[in-house]
Amino acid sequence: MRDNLKNTVNRRQFTKAAGLTGALGVTGVAGCLGGGSDRGGDKFKFGVVTSLSGDLRFGGEVTRRGYDLWKKTINENGGIEVDGSSYEVELTYADAKSDPSTGADAASQMITSEKVDAVLGPYSSNVTLAVAPIMEKNQTPHISGSAESPRIWEEQYKHTFGTVPTVTLIARQAAEEILSLDPTAESVYVSGVNGPFSKATASAMRDAAENKGVEVLAYDLNPSDTDWTSVVSSAKSEDPDLHFHGGHIGSHVSLLKAADQLNYDPNGFFCHYGVNTSDFKDGLGGDASGTFGATVWLPSIERTGGKLFGSAADYAKAARDEFDQSPDYTQAASSAAGIVYQQALEELGAAPPLSDTEQSKLVSILEDIEVQTFYGDVTFDKEGDFYHNNTTTSPLPVQLQGDDDEAVVVGSSASASEANYPVSE
Amino acid sequence: MVSTELLSQSIINGLLLGGIYVTVGVGFALVFGVLEIIDFAVGEYVMLGAFTGAIVAPMVGGEGLLVVPLAFVAFFLVGVVIQPFIHHVTTGDRPMPLLMGLVFTFGLATFMRGSILTIFGPNTRNVPTNALSGGIEIGGLGTFPEVRVVTAVVGVLSLVAFMYYLYRTTGGTAIRAIAEDRDIARLMGVNINRYQSIAYGVYAGLTATGGVFIGLIYSAGPGMGLQYTAFAFFMIVLAGLGYLPGIIISGIVLGLAQSLTAVYLGGELVFFVLFGMIYVLLLVRPEGLLGKGEVA
Amino acid sequence: MSETLLQTDGLTKRFGALTANDEITLGVDRGEIRGLIGPNGSGKTTFFNSLTGFYTPDEGTVTFDGTDITGWESHRIAREGVGRTFQIAAPFGNMTVRQNMLAVQTPKSVDEHERAQEILEFLDIDHIADDDASGMSGGQKKLLGLGRVLMLDPECILLDEPTAGVNPALADRILEHLRELNDRGTTFMIIEHDMDVLKQIVDTVSVLDQGRHIVQGTFEEVSTDDRVREAYLGSADDDEVPV
Amino acid sequence: MGTENDLTVRDRFQALLGRDDAHLWLFGIGAVVLAVLPFALSTFWTRIALGALMWIGLAQSWNMIGGYAGYLDFGHGAYFGVGAFVTGIVMVELELPFVAGLLIAGVFCAVLAYVVGVPTLRLSGAYFAIATWAFAEAIKELALILEITGGTYGMTFPTGPGTSGIPLVGWPDEMFFYYLMMVLTLGTIALAYFLFEHSEFGFRVKAIRDHEDAAQSLGIDATKIKRRVYVISCVIAALFGGANAYYITFIHPNDVLAPIITDQMIIMALLGGLGTIGGPIIGGVLIFLLNRLSSLFLGNTTIYLPLIGLLIMVTVLFAPSGVIGILRGEVGREDVKQNLRELAEKFDIL
């Protein structure tokens, strides 16, 4: 709540609102003025297309925090250094409203009207799939700190990159680890929301179980706003050892509440995405403890690098200071997307604004980039099903534990904590 | 659990889900039947009620149930103030009053939803309760989630209270007179403005109360209202427009169809079956499931 | 020339327990003007509605010019040659008088613009042909209602209170038009409460009471008939007793 | 009263609107301006202009059934979505060019609208509104579970040279789509004008809307005419759906079949002015620009959402015949005062 109040209309927006009124009805005139093309050369300008309203506003909000924090921190550190001079970073936002059509217009606005140097990507695969072709056409670099849907990388867009490994990898690897916990699960019930990301998640969970030779009792997809008591009742009658669920935070909350109401109690729930967000914990109001999740990053994690933020813990502190909430991996990956640009621009060595050829060069640099950050090592695949997706950062299973439902790493990794398993209340 | 228990559990789930829809449908049926307002904001009253629960409950010891009377009173007052506006746009010499009311309340709904999103952000919020958690298991039948049972009971009770008010009290008689014929009611000395405002206030209060319970069952979020708006519409046409007790039947039908489809045909099909069913039912029985509604 | 044009046989229409039209058997001869009277609620408008396809009769038949038209859709009956007007003469909004006329589904062979102009001239409302129809006076609206029906070139017209609420001068004009049309061969059946009006124009009168057809005859015959007096006196509306 | 010189701008405007050939003049000038507009605009503003054109056309298509025929179609957006998916299926599965997809989508939706129209148009008022709404929701759910629509993964359209099937069009760009929308929209407006304002068919449609019984008694086959209006308006929505899908290149049931598509058409037609030619044009432009530009330019706040809500409420309160009513001078200071007085009277609740 606090961070939203902080975002009340500032002066710049106000000017834009005033300009907007003028633009109404006289598109032509506004078009000639170019609406915001008055950019100077003293800053790197990034366009941020993300969904602050509509169905996917949860995640949109998280990505915004990630991008904002990167901008704030880098500007406090003097900006991006190119050939001995420093250039501050400027972000300009457009709300894609979880709507591909609005997202596509926003992308075009960023490129032709705002004349940004590069774009930070939208939240949700539907919007990404509408934005990416525009990046292709305009040859503008585009990194998304949140795009986890495998569909995006299958399209092989040359100008689109993603810092979060696709969910096919995250959910599968975490699921396999959770299935290896002792006592080993013999059966699993897989449910999910019938949405592009969620369905990919649920099917990755199912694949993981089948790989491990665990019986999959059901693979049950539902509309996101369904009443989850039906799923819970079916699952309860199947009596699985574990329940896996692919969806967004809202559906996790509804599912777990329904499970609580119907006394459905498997050895553990594994939900992805978002158990490590305060949205999820607040939504369940203290009943989140014991839930398994997957992540590629945690505040407590050790990573090799520390560009801009010294460590994961430093980043988490900065995030808490700024937003009064613990960051999750989407936020971290969004900040990391900024750091990747930072590194790439330093390598490029060109002052803003970037020309078309410089933008193309930036894309080539991104293809080969290797950045060590608080978030982990970032590189992008150059071929295959995960083309331009960062598959380097390794996924981990987590569990919410302790009084304040802190997410801790569980499973087989060296730093893993003991899992509360089978989960006792 | 054996499969007969899954069946009985699914029926329980369906009936209780129907109970949730009843809490939303009751007030809506009243404003439609009596005030002839098709209120697009109905789901937003649910959302506002749930939000009130999420924000006020932590201040009153974390007990969402304590918010119920407050929500009723607060939204009763809100409704009383909003009604004259709706009344104004749906009367007079305006063309297509039905549509005017619809669009006005569409604007109202957008305003409510947008305000909450802007002020409180997109997060899902918990509406806490200590009194109602978990479910009561009844051997052989299944589990009755406490909070859902209470919600369904409240839904049915408010319907009964409504019926009592409408048919046994002076105020109710006045409201029914208005529904019959505004001009005659006015001639009879009924202050129609007052009673219409009261009726709308009661609707807003009741729907927000339903929202607190829905918040207890699920959670509160700024975008939650839309689906309840849709369900409220479907509830009243299946009930038969203007026929209040039909609300129970349509709640049961919608709840059971949803629950049984999810368990026996597949979760993906739930809304396809539900909306398809509503469409077909409307074509074959426009006068409602019981055939007691009025056909326009 | 006493050939029957419009004939109902045992026409019955029920609404739940109420029988609004009870086995009405009634024939209208070609070229006559028939009055249809009866106390309020005696089923006159229901009878019109059953005749013209707005209600599907529960029993009985309607025959027009030798064709059984029972249960036909109303627009087909209209095209067959039975026109009607409504008690409340509402022009179609957002349209001019002429456009109101052109909305009528005329037979394909007719030049509708020419015909509309002729009718408007005949009814003396051609000077407002291109004005907004909603701005007309009550009497003009009645004339427009009549004009629209004439677009169909019907053999038979059913009129529901053609002069109600119209100032006497204009009412006389309407009657004049009806007579003229009748002279040209149009058959009429008219629901009318104003007995003075009726007296001037009708050839014969049919009386309905409580859904039944009780008497038929000339105006004089009917107005002295005991059953008719009883029907009117028995009802609350004693002011409507024919004199 | 008054001589030529005393005329205010509004009077002149009204005089212009009142002229018989004014509409044709306006249409002609508008078409010319639109045709040269993209040469003055950047790519982004061309996109915005083509979006506005599309919504004008969509609002007008709803206005045909909703405004002229008086049937509150709450499921009109279903045809926008079905048109999008049929176009996509033809292009992806049958590998035919866009033009073929669009034509097949039009024909498919004509048949669908006819089949749906027969039983649904028997309902009226709120029943028709809710039935069509349920129908549209069912269609959306169906698209989410079908294999051929890509289900919940959605559908990506083929792009690049040769996919359009229109000679001389290489890689379809914003210019191409702008002119495509322009042709569709101007076509829709012209069709609406000749069909509803200048033909007996249109008079009959209005007659049915205003007094269905009277219309029937005048030989008008209301069922048939309503069905025709429904089919025409649905096919137009389908054509826009197909064109938009090819333009966006990625479609998903939750986007192209979203209820908000229908809601927007209704709001645009109503706020502009129902049952008029100009209304949906004005409403479409205003609402689209307000919506789209605010989300793009005020991108890090959602304050514009409640403001749009307020705007809708205020318009309904003070300008019930829509913006076109304001232009016609129906919302003077006196009217507003009168409105406020009447509103105040209704607060007599104690």
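Per-chain numbering from 1; labels A, B, C and D assigned in written order.
Here is the rule we go by: a contact is a pair of C-beta atoms (placed from the backbone, for glycine too) under 8 Å apart; a residue touches a chain by one contact, two chains touch by 3 or more.
The chain lineup, named per UniProt: B = Amino acid/amide ABC transporter membrane protein 1, HAAT family; C = Amino acid/amide ABC transporter ATP-binding protein 1, HAAT family; D = Amino acid/amide ABC transporter membrane protein 2, HAAT family.
All values reported here derive from a predicted model rather than from experimental measurement.
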Item to check | Shared interface partners, meaning chains that touch chain C and chain D | outcome: none
Next on the checklist: Comparing chain centres built from Cα atoms against the global Cα centre, which chain wins on proximity?
Outcome noted: D
Next on the checklist: What's the distance between the Cα centroids of chain B and chain C, rounded to whole Å?
Outcome noted: 48
Next on the checklist: Roughly how far is chain A from chain C, centre to centre by C-alpha average, rounded to an integer in Å?
Outcome noted: 74
Checklist entry - CA centre of chain A versus CA centre of chain D: separation in Å? => result 36
Next on the checklist: Rounded to a whole Å, what is the gap between the Cα centroids of chain B and chain D?
Outcome noted: 31
Next on the checklist: Give me the residue numbers in chain A that touch at least two other chains, ranges are fine.
Outcome noted: 52-53, 55, 194, 223
Next on the checklist: Multi-chain contacts only, two chains or more: what residues does chain D have there?
Outcome noted: 141, 144-145, 301-303, 305
Checklist outcome for this item: As the complex stands, chain A meets chain B at residues 1, 3-5, 52-55, 57-58, 60-61, 191, 194, 220-223, 225-227, 229-231, 233-234, 236-237, 239, 249-250, 253-254, 257-258, 260-263, 278-279, 282-286
Checklist entry - If you look only at chain A, which of its residues touch chain D in the complex? => result 7-9, 13, 16-17, 19-20, 23-25, 27-28, 30-32, 34-36, 48, 52-53, 55, 64, 92-97, 99-102, 104-106, 108-109, 111-113, 126, 129-130, 133, 137, 151, 155, 194-196, 199, 223
Checklist entry - Which residues of chain D touch chain B in the complex? => result 70, 72, 119-120, 122-127, 130-131, 133-135, 137-138, 141-142, 144-145, 259, 263, 266-267, 270-271, 274, 301-313, 316-317, 320-321, 339, 342-343, 345-350
Checklist entry - In their complex, what parts of chain D are in touch with chain C? => result 200, 203-204, 206-207, 210-211, 213-223, 275
Item to check | Of chain D, residues touching chain A in the complex | outcome: 33, 37, 40-49, 51-52, 141, 144-145, 151-154, 156, 159, 173-174, 244, 248-252, 254-255, 285-286, 289-290, 292-303, 305
